[in-house]
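Once you scroll down, you'll see the structures, which are given as structure tokens.
Shared between the two complexes below is chain A, which pairs with chain B and chain C, respectively.
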Partner chain A sequence: MLALTAAGIVLAASGAAPLTLASQVIKSTFGSSFGLEDVGLLLTPLILTGLAVSIALKIGAWNIGAEGQFYAGAFAATGIGLFIPGPTVVILPLMFVGGALGGVIWILIPTLAKAYANVSELITTLLLNFVGVLLAYYVATGPWLDPGGHALGTTARVRHEVPEFWGTVHWGFPLAILLTVVVAGLLNFTRWGYEVRIAGSNPQAAKYAGMPFRRHLITVMLLSGAIAGIAGMLEIAGTVHRLQGGISNNFGYLGIMVAVLARGSALGVMAGAALMAVILNSGIILQTQGLNTSTVLAITGLILFFTAIGDELAHYRIVRSEPTA
Partner chain B sequence: MEIIAGLLQTSILAGGVLALAALGEVLAERVGVVNLGVEGLMALGAITAIATVIATPSPALGFVCALGVGFFVGMIFAGATVVLRANQVLCGLALTLMGTGLAATIGKAYSGMPAPATFAPVAIPYLSDIPLIGRAIFAQNILVYLIYIVLPLVLHLVMFRTRHGLNLRAVGENPAAADAAGIPVQKFRFWYVTAGSSLAAGAGAYLTLAFVPSWSEGVVAGRGWIAVALVIFAGYRPVNAVLAALLFGCITSLGFVGQARNWPIAAPILSMLPYLGTIALIIVPVLAWHRVRRLMAAPASLGEPYYRDVR
Partner chain C sequence: MNAIPKTSPARPRGTPPVVLLKGICKYFPGVVANQDVDLEVWAGEIHALLGENGAGKSTLMNILTGIYTQDAGEIIIDGYAQSFTSPVEAIAAGIGMVHQHFKLVKAFTVAENIHLGWSETPAKISPEKLESRTAELAASLNLAVKPAAQVEDLSTGEQQRVEILRVLARQARVLILDEPTAVLTPAEARELFRALREFVSRGNAVIFISHKLDEVLEISDRISVLRGGRKVTTEETRNCSQKMLAKLMVGHEIVLNDLRGRGAGAVPISADAVLRLDEVRALDDLGNVALNGVSLDIRAGEILGIAGVAGNGQKELSQVLTGMRPICSGNILVNGHDVGAANAGEFAGFGVGHIPEDRLHSGLAPALSVTDNAVIREYGRAPVSLGRWFRPRAAIALARSIAEAAAVSVPDFTMPVRNLSGGNQQRLVARREMRIADKLLVAAYPSRGLDVGAINTMMRYFVELRDAGVGVILISEELEELLNLSDRIAVMFHGEIMGIVETASTGIEQIGMLMGGQRAAAPRLEPASI
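Presenting the complex of A and B:
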């Protein structure tokens, strides 16, 4: 609670300082269906990357590499979409599977390194982000460069698109929500989910109780990668339709923020994603006013910082409220 | 032969960035705090340095200003993680996002401007006349000597040859025992984390004053994270950290040489080398030499905040 309040204060402080800008943001975000559609478009990848980071945290792993897995998913989906001929009904599911697989491959080495050699996944997943960005940049400016030459540094348009269901918001949005609900259900109502949660909160106890800790760790981390990969695939098939260097908009990093705000609840992932989508959208609206995505990144960091501190301070409260005397 | 000398020179120059940042991280991790904000600190240091140099053409002042900014931000980070004991991973990530975002925002105005003054190479007499390697090693800028020779040796001596250093390591290994022995645990942690942050920002300044030398968005390019990984690879030892950084400088400069000589590999692919190399180097040793593991182990209470009484 305190964390959210702190986040709110920071948000107010950084967002409302120039009051006119703030009102402009609110007007263009909530005042028109276009604004809401934009938020909806941003929500889809944010929910998914948030979910990806959140589920890995359930078992105590930090997937800082959702950004890279996003790129890998987008890359795989674009490859399938561009070069495999066939009707959309067949190719679209193929792209979906390909995107998920791309994410899985991207997180495979960090996962195995953590599971078998206890190498911190923090750094390995993160470093692969840079490789993912470079890979997308390489194919978009090199081998897959749009032969039509409509724009610099992008691939040709992928013809297979996720249909829209409301305005410009595509069916990926309900799909993301469905996926979140399914994962939450698995975690909360199955034996597997129970074991994963135990393994996350106390690995020693989980091992002692005979739970296959390593196997759970591997499946959860791979699932996390797959979800981030799907986010990348949907961004290609639903929103951008072309692979390009900066396609991710820092969605992977913002996903960390979403997961932290969510504190491990599925509903929280959606709420956190909604908050981030509004912030991100304000950044895009204000871009003409001199603010930009890097400012949004800075604000995000500030919120994250205060969330972390608020978390700890909230802890203090509990201790103080139960004095021994 | 020319190519080897060139390679060596670029390796040393490129490795310096990582070495300075890694030394800072060694300080923080030895007292038990993981600072994942290195990337952000480097970005802040880089932009501070370039802004200062453009305002007053003095690279030394730019470097000092960057150290100062790092010191200040480091105090905030230490205040959150050591005094308030907030989650170190979260605070570090937050610092990285903040630093990267803030630097990019400020940096818009400075993008692409070359630094009007940089650290000029200082040739050491006689030594720089050694054929082949002389000019590569002994005609670098002043920061290089500082980073490769002075700083690691001083840190090594302090850390492993003085009582202060013993206390420092004790704080990272077993803060409760250190506290019982009368060592001011929180004070140690606070100031070493702050000093480490200062060095990280200094590494950013080195990047824009001696290596690149100009600002562009994304100029840090994950070097902060590579530095964090290097510290693990180096077994948390200052001298090893600098040697590891040099190895990475080699990998980076291999990419440069490849681009310059038109190897049939695309530039983005060559740019992947440092990242992939880092991943390989932190995974392979763990698999290969089990015995080294204990010697190179992380400080036992790394990442854990210290509470004097159990909550």
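Presenting the complex of A and C:
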């Protein structure tokens, strides 16, 4: 409520009628299949980046670099899609693997640095984001620039597409959900998952029980990178079809938010991603209503801010102690 | 025990007590920490505050020093009602506290620590002046410190003296000490007691928090016993005995007794060692030698006590014994086989259980559920796992049976284990380890932070294991506990075993001497006043 009120104040300040806009947002998000499709399209990458950050947290690492891994995955997938000839049936899985590998390579150095030299992954993964973003800008405006010149600053269209499964929503969406369920299953129903949970929660306890902490750390962080890379690949092959600067739409950073909202549960990742997708989509709708981008960004930020605080507070219970006479 | 003469508290007529607490109540969510506590402390007395863990001693003192605010009741200092909202106000009123964990800046010198955050410290002063001021203070208060030394280079006893000096320098007239002897050698403790006596003889007062009965009897003039947040009684120390105090603390009589005797049906001590250390050397976390040529034999069905002042290699020894710390040289033999560089998981597989000294840091993953923590030793085998699969249901079933054996009531097995009390956590860990310890159990400071009841349970567990033919290594700083339980006691000093003695034929003085670094062969001539 606070979030909505704050958002309303910002809207009123920028000269729009908050209530009309609100009804517009609700109508166009849930009242039409287009709206729901848009949310679905946003959901896919959000679930995956959220999952990537969330699983790294399970082993006690903060993967702030999902953004960079997303770009690396998108970059690898685009490269494969553009320059390797072959039928879609072959190339699409290749792009998938390539995307995952791109993410893995992007997180490899931070992972090894953390595992063997105890270098904080917060800094290394974060810094590599900028490298990833700039790499995408560079190839999209330089070597891989669309020779047809349809648009500025993008590569040519990648022919191979993930088929659509409902409206404009592609099969990447169910795939993201499947991946989430698989990861949740691994964590909760395998010995490996149990060891990861213990090791991530308390490395000393893992040592005490004789679990290979370093090996789990490396595996899980690489898996995290792979998932973020897959998110980038799906964005190319399912939604945008061209590599361009800004393709990630901040999904990597929003993934951190999703993971925090999810509080370590896989179902939570889906719910957190859904919430985020609705908020983002509302932002897009607001833009079509003629609000400027900065206002929309401010509102999105405010809502996220209040949601996070509200979520944290919701985990406290008010306890009153009755003095026993 | 009566080496230090007691001064009887002088109470001039008409003088109010220095500290008077009236009807203090403090509630925390779901817990009554203090209820209607009255306490009188007179100038010139050492007043002991005795109670089990969780009896409300620390809460009461935190209220007196302004860290907490009471929910009801009055604090009256020198006859004037006071309400402290911060420790700064308490110290201004002359009430200072030395906490169990020192609050010193390790990289600073003694002089700097004394003057830190003190309104009387001049704004600009040279290190030399600071040190000479400190030396003057120390001399006037009769506390020997080295002003120029860095705090991290000092022994714990010296650090404590710095803490006390810091409090006294701020004109404290009431000195509160929280478990001051826990970190001291017997000699250092005696020195502390002497300093306290002198302090009160100048018309000041000391509140001495402890749960060690013998030292309370030795040092205090009066004793107040807290139980379950309420004050049970205040007694003149000369009218008290250990037995009576123990009874007051726990609410029923406990027997401090000898548990070394075996009942019928107990498995006798084996001839061969279940575990043998042969000239083992190991390093600590900083790369210093922590164990220097340690040789030990532990036989099945015996309890081997490890005595020594904390920090003389006991922690590293427990880690070496359980595979958590690699050794640089020497051999570890389990059942006669050299195990070389096995890890902790493999040691557990050999049947070596381990109750680590810091259960929250290494024995448990505090944020994870009770279930996850309960199965940490057996997750790799049926029924908790089948092949690569982990079975949450089977895990809960195992957790439930461990909790039952430990007599811990767990309302919800998915709740984080840190929500359990310290005693319950320790019982859970102990029971979990006992399940896998069919050769050896290594227990490092198992009674640390526990109350008398929980300690007794713990001791009973060890006797049970011993009688079942398992070797038990009990590392402890409580000599009484070691003497009650162990068949033999090894004393550690500076990473070496100073001697291994048969408990039956050894006195506490001899062990005390070994703890101080004197070999059994070279007794020093000194009045036995320990």
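Definition applied: the second predicted complex is superposed on the first by the 270 of 325 C-alpha atoms of A that agree within 3 Å, B and C clash if a C-alpha of one lies under 4 Å from a C-alpha of the other, contacts with A are read in each partner's own complex, and residues count from 1 in each chain.
What we mean here is this: a residue touches a chain if its C-beta (ideal position, glycine included) is under 8 Å from a C-beta of that chain, and two chains touch if they have at least 3 such contacts.
As the structure is a prediction and not an experimental result, all values here were calculated from the model.
Enquirer: In the superposed model, does chain B or chain C contact more residues of chain A?
Expert: Counted on chain A, the partner with more touching residues turns out to be B.
Enquirer: Is A:Asn188 touching the first partner chain B, the second partner chain C, both, or neither of them?
Expert: Touch status of A:Asn188: second partner only.
Enquirer: Looking at the overlay, what does A:Ile309 touch: chain B (first), chain C (second), both, or neither?
Expert: In the superposed model, A:Ile309 contacts chain B only, not chain C.
Enquirer: Tell me the contact category for A:Ile198 with respect to chain B and chain C: first, second, both or neither.
Expert: In the superposed model, A:Ile198 contacts chain C only, not chain B.
Enquirer: Considering only touches as defined above, state whether A:Ala209 meets chain B (first), chain C (second), both or neither.
Expert: second
Enquirer: One more residue to check, A:Ala271. First (chain B), second (chain C), both or neither?
Expert: neither
Enquirer: Kindly list the residues of chain A that each of chain B and chain C touches, one partner per complex.
Expert: Chain A residues touching both partners: 319.
Enquirer: Give every residue of chain B touching chain A within the complex, in rising order.
Expert: Interface residues on the chain B side: 36, 40, 80, 84-87, 89-91, 93-102, 104-105, 108, 217, 221-222, 225-226, 228-229, 232, 266, 268-269, 271-272, 275-276, 278-279, 282-283, 286-287, 311.
Enquirer: Would you tell me which residues of chain C are touching chain A in their complex?
Expert: 25, 27-32, 35, 71-72, 323-324, 343-348, 354, 356, 361-368, 372, 375-377, 379-380, 385, 388-392
Enquirer: Can you check the complex and tell me which residues of chain A touch chain B?
Expert: Listed in rising order, the residues of chain A that touch chain B are 62, 64, 109-110, 113, 117-120, 122-124, 126-131, 134-135, 137-138, 141-142, 253, 256-257, 260, 292, 294-302, 304-305, 307-309, 311-313, 315, 319.
Enquirer: Which of the residues in chain A come into contact with chain C in the complex?
Expert: Spelled out, the residues of chain A in touch with chain C are 188-195, 197-198, 201-202, 204-205, 207-211, 319, 321, 323-324.
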